[in-house]
Amino acid sequence: MKKTVFFLTVICVVFFSLLPFLWFLDTSLKTEMEITSIPPVLVPDFALDFYRSSIEHYNLLHYLWNSIIVAGLSTFITLSLSIFAGYALARLRVKYKGLIMGGLLTVSMFPQISIAGPVWRILQSAGWLNTYQGLVLPYVTLTLPLGVWIVASFFRELPKELEDSAKIDGCGHVQTLFRIMLPLAAPGIFTAAILVFIYAWNEFFFALLIMTRQGYQTLPVGIALFQGEYSLPWGEISAASTVATIPLVFMVFLFQKRIVRGLSAGAIKG
Amino acid sequence: EKKPEETVTTVRFVTWKPNQPEVWDEIVALFENENPDVKIERETGPHSSTAFHDLLTQKLKNRSRDVDVFFMDVIWPSEFAAAGWAMPLGELFPVSERSAFLDGAILANTYDGKIYGVPLFVDSGVLYYRTDLLKKYGFSPPETWERMVDQAASIVAGEKKEGTGIYGFSGQFKQYEGLVCNMMEYILSNNGRMIDPVTGKSDLMEKASIGAVRFVRDRIIGNVAPRGVLTYQEPESLDVFIQGKAVFHRNWPYAWEVSNNPGRSAVAGKVGISRLPHFPGGESHSTLGGWQLGISSYSENKEAAWKFVKFLSSERVQKIIAVKSGKAPTRKILYGDREVIQANPHFAGMRDVFATAYPRPRSPLYPAISNILQRYFSKAISDPGSDLEKEAEAASEEINRIVALGR
Amino acid sequence: MAGLRIRNLRKSFGGNVVIRDISMDVPDGEFCILLGPSGCGKSTILKLISGLERQDSGEIFIGEKEVSELTPKERDIAMVFQSYALYPHLDVYENMAFSLKMKKMSGQEIEKKVRDVAELLEIEDFLRRKPKELSGGQRQRVAIGRAIVRSPKLFLFDEPLSNLDAKLRASMRVELAKLHRKLKTTVIYVTHDQTEAMTLGRKIVLLKEGEIQQADSPSEMYESPANLFVASFIGSPQINTVEGTVEISGKEIYFRSSAFSTRVEEESLREYSGKTITIGIRPESLMPGGGPLKGNIDLIERLGSETILHTVVGGSRLTARILSDTDKESGEEIAFSLNAKGVHFFYEGKRVGR
Amino acid sequence: MKLNLQTRERIFAASLIVPCFLFVSVFAFYPILYSFYLSLHRIILTLPALGQKFVWFQNYRQLFQDRIALHSLTNTLIFVFSSTFFELIFGLVIAMVINRHFRGWGVVRAAVLVPWAIPTVVSSQMWRFIFNDKYGLLNYIAFGSDVASYKAWLADPLYAFLAVIAADVWKTSSFAGLLILAGLQTIPDELYESARIDGANAWQQFWRITLPLLRPALLIALLFRTMDAFRVFDLVFVMTQGGPADSTNVLQFYGYKKIFAEGLMGYGSTISVLVFLITFVIAILYIRMIGSGLIQEKT
Amino acid sequence: MAGLRIRNLRKSFGGNVVIRDISMDVPDGEFCILLGPSGCGKSTILKLISGLERQDSGEIFIGEKEVSELTPKERDIAMVFQSYALYPHLDVYENMAFSLKMKKMSGQEIEKKVRDVAELLEIEDFLRRKPKELSGGQRQRVAIGRAIVRSPKLFLFDEPLSNLDAKLRASMRVELAKLHRKLKTTVIYVTHDQTEAMTLGRKIVLLKEGEIQQADSPSEMYESPANLFVASFIGSPQINTVEGTVEISGKEIYFRSSAFSTRVEEESLREYSGKTITIGIRPESLMPGGGPLKGNIDLIERLGSETILHTVVGGSRLTARILSDTDKESGEEIAFSLNAKGVHFFYEGKRVGR
């Protein structure tokens, strides 16, 4: 009895979590006629028309490519910086450590609007609107706190003795970081990378402001601004959305453990 | 090997995603053929006017060099002129040339006595209706809004009896620029006004204005039109019509082509078009829409850019556009052109509509004003219990404050 | 190989003084134990010696060289940690080879050294395993091997056995002692386990709150504790302590407390006549079978080879330890006499006499 | 002279942190100050001729008379409170479900994470489609094939607002759930065993053990979600554009409109500053609580 | 108060059999120890008794009542956990009152009970503190108090002392023993520490892999281990074991191994003539000072009150324990005689004789 209730709850939770996505996935495989039909068609035609059309008419591949570049670059830069800063903050004598960590945490909570205007002006005067670096730089800034916190918390969990041991064995700081700490914190770094990637992949506000040229727009901007003439192109929207979502769904299913750990490290442990 | 770069100038044209991309491909190809020294690079933005505005103005605020020629919605020239984004055309586009264009369209491009854009095609609100249904119930196209509502109501009731679900009317009532266009038509046709053209102050509190808004709220929304229209822009509202789910439909001229295209429309051949209705004692007024070509002040290729603008707005190209994609031309002469009329029989009676179409308030602060208007209208029509006088007063105050800012 | 000399070492962490003025000498080749309760600064001393922390003042000599300004790398020492601190991503061989690689030793030389040490420690068979595939005792051996392979001047051990279970600890203790006999390198060994300290060290340095209480051989420390702290810290069950006064009655000296009175043969107490002193009685020095200490048995703990009697004598709890079993039962009366060997007197914490 | 060991370490540490610090300064701290600076000026991008006039706190005075701004603020607050409230409730359910081990547990946990991972823009479009007035799934579920009674959810001020909340709750409950889960997992099994032996039934265990012990985790989740909810933008942008009748207008969207659509850089910056101040206060609270939480954990 | 009777208890976790057919009786008021190495199923037995887990088969009687179908609540037992499992959000008073509240006892009654128990355990002074503001020993007391306050039929303790340090453990051990004397409630006490088991228990049940090896009094278990496992598990240092064969030479019986040969006075060995048996010698039964076991001292551990000699006798390592110090040094020769009291023989693991 108890078990039944429990499993019903589980099923409900899973169902509601997946329903909208599955519905969109379903929609993307339908035909124009099926989309608008009442009652809704459950088993689609598996027509790939919408995918074709969103590639041919709506620049889907461009968006995809831009998203990959922007998210990839942001992840790479953020992680490189996070590793250094995270190591220093977790392990080295740093003055005002609490202040720095607290400051970083605050940054991660800045509402975009409160920095949007000035950031936009800075990028404008640098001539970096509509460039990859123009979007990557704010992304790096906004994801750094997350990256540093997670990486630092993983570093902090490594026993201090390992580092002491390495130093006695003859490593300097840099060697200790690269030969001992880095390989050991690899899972943490990977976790941070996943989270940063997801953030950069999903970010909309800055992408909307900074990437005004279609050739540079990322998937979220593309999807948000999708508009046809005669009707909202729901088929294409759902196709593009599916394309934008599938990689994330894969990541979630492959790395859920790490993600959960990373999120709670970032939040609870702080 | 550097030569081709030196001789070929690239003109960057910021446009939205056109209805018939092939027409534009053809036109651009034609131009490049005739002007081998100029290459056109097109960048397409979103089709929504607001989104396109945001995109374009951000480029211009950025003094981006990758804009030479751009489309302007009819409400933008003042803003673009005041901001210094659009280049004044002055000598390039002398008064003598301008007279060949529709007066309203030219007016819309004028700010502070200078002209900043060349109108390429005009839009104005028109009423589409289902010829078959009107005939079936013995109605003729309505002259007044009251009539339209009554006709719609009886047709809906009649069809319902036969088991066909149909709405009376569809238009654009989402909180966005199109809402201002739609609402202005009701207000003007009740002898009301939104903004005093001289002082720039709000006239929303006038009885006529409020009356028109009240009519929309009480008689249209949720009555002959489904409440869903509150979320509709052009595409959604047209969708309802071409699926045969609305008797009347307010839209721009482009919808004619679409709704009569059997490949896309379920009501092809059963669509009629007429001037918009008016209130008793008023006159039918459409909102002037349409798109202009502007040249960026920051363009490095102004000469080539003008060449392209001139080409696009020339009689023959406007004709191509009119014939092939059903856009209403801005050159008066084309309304007498046989081919144009043949392709767009509805243009014949439309010249007057276009000629009398009324532009929206011209102000560099129009975006802010428009946002206030949108808010006011949206609030007014979506909440049946709202106190219109109070809302109008509040909106007026805000508009006046914004207008004062620019002083 | 080299001796260690420390002079006036001080260290505080943010206002909290952890090491206060410590000086000690460890001759070349000696096995020296740092013993003390948790938090007394044992690990801190090792960190100062190794250069992982910098002292506030004082000097550290390894051999004849003052090393305070040297990095850990330059001090040429090896350290074994409580948690072993094996590099989890490297296998046993690589763990042991790591410090040699850092020294840019040639591959061949490294190979030879590692193999030799592995043989010595009998860990040749799992050179290719990762640390997590080893048992606790094996890990401990690898950690020691990693230290040995460098042939350092000085070994530092920080509670290397405290993560092992009791049985393994006992056997590793024996092995460590033998290893030191073989290598003869100077060892500084930290522990808070007195058994370990007593069995391993030639010399024990007993610390409390960053200060040296006594530095002596194990048996000296047990038999002649410098003060009450040392007497209480060393020995299990703990020494019994009772406060009382010294009374002189002619030639005889008496210790009188509320619990009991007894004559004592300790001439040096004469000068404390009338003063309050503390008597300390080792549990095995309480000999049952008649005597001046009369009381009741509270509880008997029979440990097989020995028996612990918890008794109450005149209101004071005294613990006695006898090697045989007893036929007494809880609640019965009992009387003890004292064996002078395990009886000490303390005045204001310091030991008096003998 | 050779530098002291500790000094060398300090310099090394600083050199590791500086790049990170630069980024954050240039793209976060400086902009905040700059926003404040801008908010003291009248800057109208569409009227560059007016220049950049210093107007003291005029913009702020105006802000407090701006009905729409106050309305957006109210909307934002209602949105924040109601969405976080439901997120915590559902988050708690999710956490309790995935805290148990059963077969297929990993899959369930991953499934629960999906909404969190999906781009907000995409989920907004999904929900917009589900709430569609003509062929939305919700209408079908509610009214079946009775097309005539289909509701235009997003056309109704109340429903539209609820729809935005629903979309947000759907998307972020799982995140809240994860934070709560982290708290749940710190409660040792022995406590429950002990409570069972002490005679507490499942319900009593929940109220007397689980809930009080979850308090820190719940607070953290609450604050985290509150901060995030204040930044709502994507949902509104895609689903409603603030309409109908401003019923879904929120501060961040309003500020965006002011600065980037209407070109009122000065006035818009005032809103930026306001939003920042509100979130900053919450952030401080949050950091304090984490701080004390950490201390509690250690002892 | 009630006794405990267990019959043919079995439990497996997902195919992994953890408890195989255990039967035992604990008379009312007895202090019974469950002893065994880690993972042998001790905690599982407690969980089955308390009803936190359900057995696969077998019966559990508390008093005269079969309780298998009862919930933990209905069994009226109390349990003390190794981690104390105090409710961290409740203060000491509320922790102790919790189970009474669950029973819907009146506030006054609760107050009285809690105060009484608090007095008994000397924790009145911190009734208003939260668990985290208490020391380990205090927490332990509160956990015990929480159990006592309910006056349950049965106490279950799951390694309650293993989180305490050695000294505190020793003193809590004594307190527990006294408490039991006072309350006289039946106690089932789990530990893997043999000292605890030996000192606390009237009866020890020694488990291995879910099976009872021996259930006996502490001294019986030490002096007459049922098998080699019991002999090795109980006693520290561990019993010395050497394999060898039995040889009969007329009236005399000899034990011969590669390490040594000795005559033994154990008639029952006669029937194992020629067979391989194991001799077990308690360290204190190896008496130095001449005898048939001749070897070398490998290492001497001086523990103050006793001395452990690690020796090698004919290739076998033997550990001897003497109560006094010795003047011998490592490396010297030594000879032992055997004290028959601590010598046992095992054939195929089982004890032979006596």
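As written, the chain order gives the labels A, B, C, D and E, with residue 1 at the start of each chain.
The rule is short, and it goes like this: contacts are C-beta pairs under 8 Å (C-beta built on N, C-alpha and C of every residue); 3 or more make two chains touch, one makes a residue touch a chain.
Please read all numbers here as calculations on a predicted model, not as lab measurements.
Traced through touching neighbours, the fewest hops from chain B to chain D number 1. Counted as hops between touching chains, the shortest connection from chain B to chain E is 2. Chain pair with the highest count of contacting C-beta pairs: A-D.
Distance between chain D and chain E, defined via averaged C-alpha coordinates, is recorded as 56 Å. For the pair chain A and chain B, the distance between C-alpha centroids works out to 39 Å. In chain B, the residues that touch at least two other chains are 54, 58, 61.
Taken residue by residue, chain E touches two or more other chains at no position, since every residue touches fewer.
Shown for chain D are the residues in touch with two or more other chains, namely 6, 134, 147, 260. Contact residues of chain D toward chain A in the complex are 6, 9-10, 12-14, 16-17, 19-21, 23-24, 26-32, 34-35, 38, 93-94, 97, 100, 102, 106-115, 117-127, 129-130, 132, 134-135, 137, 140, 144-145, 147, 170, 174-175, 178-179, 181-183, 217, 220-221, 224, 227, 230-231, 233-234, 237-238, 251-252, 255-256, 259-260, 265, 268-269, 271-273, 275-276, 279-280, 282-283, 286-287, 290, 293-294. Taken in their complex, chain D has these residues touching chain B: 42, 44-50, 62, 66-68, 133-134, 147-148, 150-152, 154-157, 240-247, 249, 257-258, 260-264. The residues of chain C lying in touch with chain A in their complex are 47, 50-52, 71-73, 77-79, 81-83, 85, 87-89, 98-99, 102-103, 146, 150. Interface residues of chain A, counted against chain D in their complex, comprise 6, 9-10, 13-14, 16-18, 20-21, 23-24, 27, 35-40, 81-82, 84-85, 87-89, 92-95, 100, 102-107, 109-122, 137-138, 140-142, 144-145, 148, 173-174, 198, 201-202, 204-205, 208-209, 219-221, 223-224, 234, 237-238, 241, 244-245, 248-249, 251-253, 256-257, 259-260, 263-264, 267-270. Against chain B, in their complex, chain A makes its touches with residues 36, 124, 129-130, 209, 212-215, 225, 227-232.
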